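Each of the next two complexes has chain A plus one more chain, namely chain B in the first and chain C in the second.
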Partner chain A sequence: MSRNVLAQCALALAAVALPVFVKNDVVLTILVFSFLASILAVSFNLIFGITGQLSMFHAAAFGIGAYATYIAMHDLAVSFWTASALAAAFVVMVSLVIGAICFRFRLKAFYFAVVTLAFAEMARLVVVNWYSVTNGTLGINLSQRPVLAVLGRSITFESTLSWYYLALLALFATILVCGRCVDSWMGRCFAAIRLNDELGDALGINIFRYKLLAFGIGNMLAAFAGALYAYFLGSIQPAYLSVGQSLAIIAMVLLGGQRRVAAPVVGAIFLTLLPHIIDLSAEMRAVVHGAILIFAILLLPKGIVGTVETWVRRRAA
Partner chain B sequence: MAVSDVTFAVEAGEIVGIFGPNGSGKTTLLSLISGALKPTSGSIVFKTRTSLVGLPPHRIAALGIAKTFQNPQLFEELTTFEHLSVAGHLMVKRELGWRRIHTLLSSRLSRADRMPRRAEQVLELCRLRGVRDALAADLSYGQEKMLGVAMALMCEPDVLLLDEPASGLGNVEVVELERVLRDLRGEGTTLCIIDHQVKFLAKLADRAISLYHGTKIADGPPGEVLSDPRVVKAYLGEGHAAGPAA
Partner chain C sequence: MPQIVLGQLLNGAIVGTLYGILALGVTLTFSITGIVNFALGAFMMTGAYGTWYLTSVHGVPYGLAVPLATLGTAVIGLVADRALFRFTRNDLINGLLVSIGLIGVFDNVTLMIWTSTPHTIDVPVGGSVAVFGVYLPRMKLIVCAVLAAVVGATYFALRHTWAGRAAHSYAQAPEAAELMGVRTEFLQSSVFVYSTALAGLGGALYASLYSIDPTIGGPFVLKAIEGAILAGIGSVLGALIGGIILGVTESVGALFLPLSFGNAYGLVFLVLILLFRPNGLFAGRR
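Let's look at the complex of A and B:
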């Protein structure tokens, strides 16, 4: 097993064992939010860091996943798990339409970012104005909790500890899915698109198809994160779909690192912990995210994980 | 018009040399065949039946036509071997088809496919074994050009379109390249080669085509084409066309 894999396994084990030693509810709650933010960051990295497409739609996928899960549970009376699967499927469909439009017109870089931002704003405005379904700017308070029926017993996800393990499991699953995609023929196509899509096209790679695939998979995972986040927090707000949320996700990826599947976790944990270490108002949080973006781009272009890896490699050489 | 009124046929297993001064439309011609550019009129037919007009480059590559680039196109962050793995996409697709989705579930399944072994073979063939794990950014110009040929080979093409493969190469590298291309022809690959190294291409090609201002001006055995007064005039100007050919 490579050193990298060993390190990741050690960290995973530490995360699983942590609640045995840390009983503080506040700390565990912050960690749950970190894990859910990590799912957002890792799934965004599949689209941005791995495939090279700067999507401003990720927060919208997150928010639509949350609202759609609530609507499915409320109107169709299905379980949380079925509802979140339906919500994810809906987000995939929306992603395919938006992606098909963007990639058919070969929108790249700035233009792709602007068009996905426009679609995200459209989604947010639908949420804000469709008062009868979404409760508009007031948001929705959720009293239901996910219930899992297993081996004849039912587990209600109510305690922080149960959510800790649910969020951690979801994060592991996200890293596994993204990791399998990246370490395969699919990942080679994503890398080709990021590095030189004209060459990839000439070598037989269907650039349109694989851009759509990365976009769809990334947004699908964001939708699941939205469902979990909403039912953990107990409320859904239109702010889930805001530009500020998209920028926060970008900051997490830039800070953590773009070339490794799990690197954004570092950025996500850092940025989730930050407001609890330094007392920040919501406005100041946006300023700090912007400052971190600038800092990361100028001083840590490879992110924390990339910089550490380069340093370790230089020392070994 | 970069290319207008060019009509020719290429037989399977031939090596066709495409000559012409700068700006005569040679690269444009290959780009039209490979799908990088769309023709405004005319037809391009492959294996008698398949029209290539309107098809995207990746579909044309899948049909069996691979092209190299005049200025080496690379994936900056990847190693030489990784380049060949990316270029092996068509091989994986052809071998596994939709079943390649199963390899996402278990990497054990992907060890069965022959693409990595073919990549090692191509490395050996193109004399790139020594730089297998070097980053593309660290390769010499000659190695970059050979990598372009190697990537095209990974597509298992029936037809290989080579845009100035020998330009910028030293004498030893040109000899290596000639050996690789002859081996390819021996395996049945059809080659269309553009190059300004006239001696190299004239020796290699079975047939020559000359372009000038986007039009075909000669077509025949290399010796005949290169001594054709119109071709000499195109390359060297009016004065030389009157005298003996270079």
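Let's look at the complex of A and C:
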């Protein structure tokens, strides 16, 4: 276990030190995107890999977080940080309502996935059609940048380097929050729900409450990721809430591995880097992307992290 | 006004049979192989493009192109089953992701070969007939009749042949079925391939009514899954009825409620069904 912690600390340090050696703006930009995708994947894994609920609402939480942050900044004239906190609070409220409906009616597995997918599609239709607020399919261009005031000095997040550290910090915070949840009494309830929720119920665990908790925390973190993603990219589009986005998140988690909190990061970085590494036409790239997804699922059932762990353990033994 | 409502009702029912044929594929695949094959939309698109390619480029008569395209789709389905879906039996999430990957491959290969320009084929049977004072194109009625006949034939085959009863018994108790001499691996593969053939047929008939482009499959397969759930997974005639209900809800809903939310009515309906009648509208009957 300590070896594992050591390895994670080494990786974290390497990530912090990376910009000293890599000055290329394109590389840093891709890394920022992969860190933001990692936040999504890690928070999704709290609901899916840890608690065992296949939610299709994650992209919707991500998108609603982005739109709500913009609306709060634009209409209430608050700072980016306050706005993203308000957006996260709004997303938590929405997910509590949706979660309460789903879990009160004891929807499981495929049926939970379908109902959350239906709610996500409804959210997307609202965003596409509520033209006066969201500007419909055209999306919104964001000109403002987050500003952080520390000790009388203000930092504007404009350069790729500043975003690199902001995204990295947010990713660390996400892993820390999810890790603390999993290592606490909550994590044991989550695991009980994943393994056998009826047995957990019989043993006196309030499975309704803990399912709701996992769903709420996961979606809250996704909303933060949405706020950061939108303001880094500089635009918001309804495609944020698409089914494809949710599926991309699932692919990241499966490719990385589900059983460890930080494992989805590997999948997220891999899938974000992939299109930039293979230099092909857009259609050919999509074909290769699909093929890699298929074969990763069939050949690496434990994900990259799980496979590497098994391999290391076998060599050590 | 009643004329418009009736027209929308009939049109919705006809589009609904197209949802229904795909819903039948979804429900059969789910009952026997334990996965939801999202790629059925891609197989439908393959059938549609195959028909277009045979009729418009090679001048094959439409009546011959439809079975050929259906057969071609089934062959591709067989290859996909042997190479990929054989390894995802009863694994919902892996099956889902493999079919998503497959959609990416299919759609983009089609884009590379035939670009995103929409294509149409000449209407094989022209003219229209009046039904209760509403004029409907003949071709639409033929499509509707063919699809309903195929669903009906599937229903009877499942009830009255040995293979059909084997499928039923497998859906209820896989191990017992295997002990009674059902070749389960063969059964799973044939059901998978049959569902892709159904999707191919749906696409081949779709091509005679609407213009086709590489993205037609996606929305259709979502509707088909909704339709299959509406009726209750596992119900054959229910899949057709579920598809028709969905088609009618959308087309009639579009008259009275804002058009831009057209896709939402089906979703609301679906959520309500899943919450209050989780086994589908026709639970208990097969």
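We take it that the second predicted complex is superposed on the first by the 299 of 317 C-alpha atoms of A that agree within 3 Å, B and C clash if a C-alpha of one lies under 4 Å from a C-alpha of the other, contacts with A are read in each partner's own complex, and residues count from 1 in each chain.
FYI, a residue touches a chain if its C-beta (ideal position, glycine included) is under 8 Å from a C-beta of that chain, and two chains touch if they have at least 3 such contacts.
In this text, all values refer to a predicted model and were calculated from it rather than measured experimentally.
Asker: Which of the two partners, first being chain B and second being chain C, lies in contact with A:Tyr229: first, second, both, or neither?
Answerer: It touches nothing on chain B or chain C.
Asker: With both complexes superposed on chain A, which partner does A:Leu107 reach: first (chain B), second (chain C), both or neither?
Answerer: The answer is second: A:Leu107 touches chain C but not chain B.
Asker: Identify the partner contact of A:Glu283: answer first if only chain B is touched, second if only chain C is, both if each is, neither if none is.
Answerer: Once the two structures are laid over each other on A, A:Glu283 reaches chain C alone.
Asker: Let me test your reading of the model: by the given contact rule, A:Phe62 touches which partner, first (chain B), second (chain C), both or neither?
Answerer: neither
Asker: Once the shared chain is lined up, is A:Asn196 touching chain B (first), chain C (second), both, or neither of them?
Answerer: first
Asker: When the two structures are laid over each other on chain A, which of chain B and chain C touches more residues of chain A?
Answerer: The larger set of chain A residues in touch belongs to C.
Asker: So, does A:Ser184 touch the first partner chain B, the second partner chain C, both, or neither?
Answerer: first
Asker: Have a look at where A:Gly204 lands relative to chain B and chain C in the superposition and call it first, second, both or neither.
Answerer: Touch partner of A:Gly204: chain B, not chain C.
Asker: Thinking of the overlay built on chain A, is A:Tyr70 touched by chain B (first), by chain C (second), by both, or by neither?
Answerer: The answer is neither, since A:Tyr70 touches no partner chain.
Asker: How about chain C: which of its residues touch chain A in the complex?
Answerer: Checking each residue of chain C against chain A gives 36, 84, 87-88, 92-94, 96-98, 100-105, 107-109, 111-112, 222, 225, 229, 258, 260-261, 263-264, 267-268, 270-271, 274-275, 278.
Asker: Along chain B, where are the residues that touch chain A in the complex?
Answerer: Answer in residue numbers: 34, 36, 56-58, 61-62, 66-67, 69, 73-78, 82, 85-87, 89-90, 92-93, 100, 103-105, 107, 110, 151-152, 154-155.
Asker: So in the complex, the part of chain A that touches chain B is made up of which residues?
Answerer: Against chain B, the touching part of chain A is residues 180-181, 183-186, 188-189, 191-192, 195-196, 198-207, 259.
Asker: For a test of understanding, state which residues of chain A touch chain C in their complex under the given definition.
Answerer: 54, 101, 105, 107, 109-111, 114-115, 118-119, 121-122, 125, 128-129, 243, 247, 250-251, 254, 281, 283-284, 286-287, 289-294, 297-298, 301
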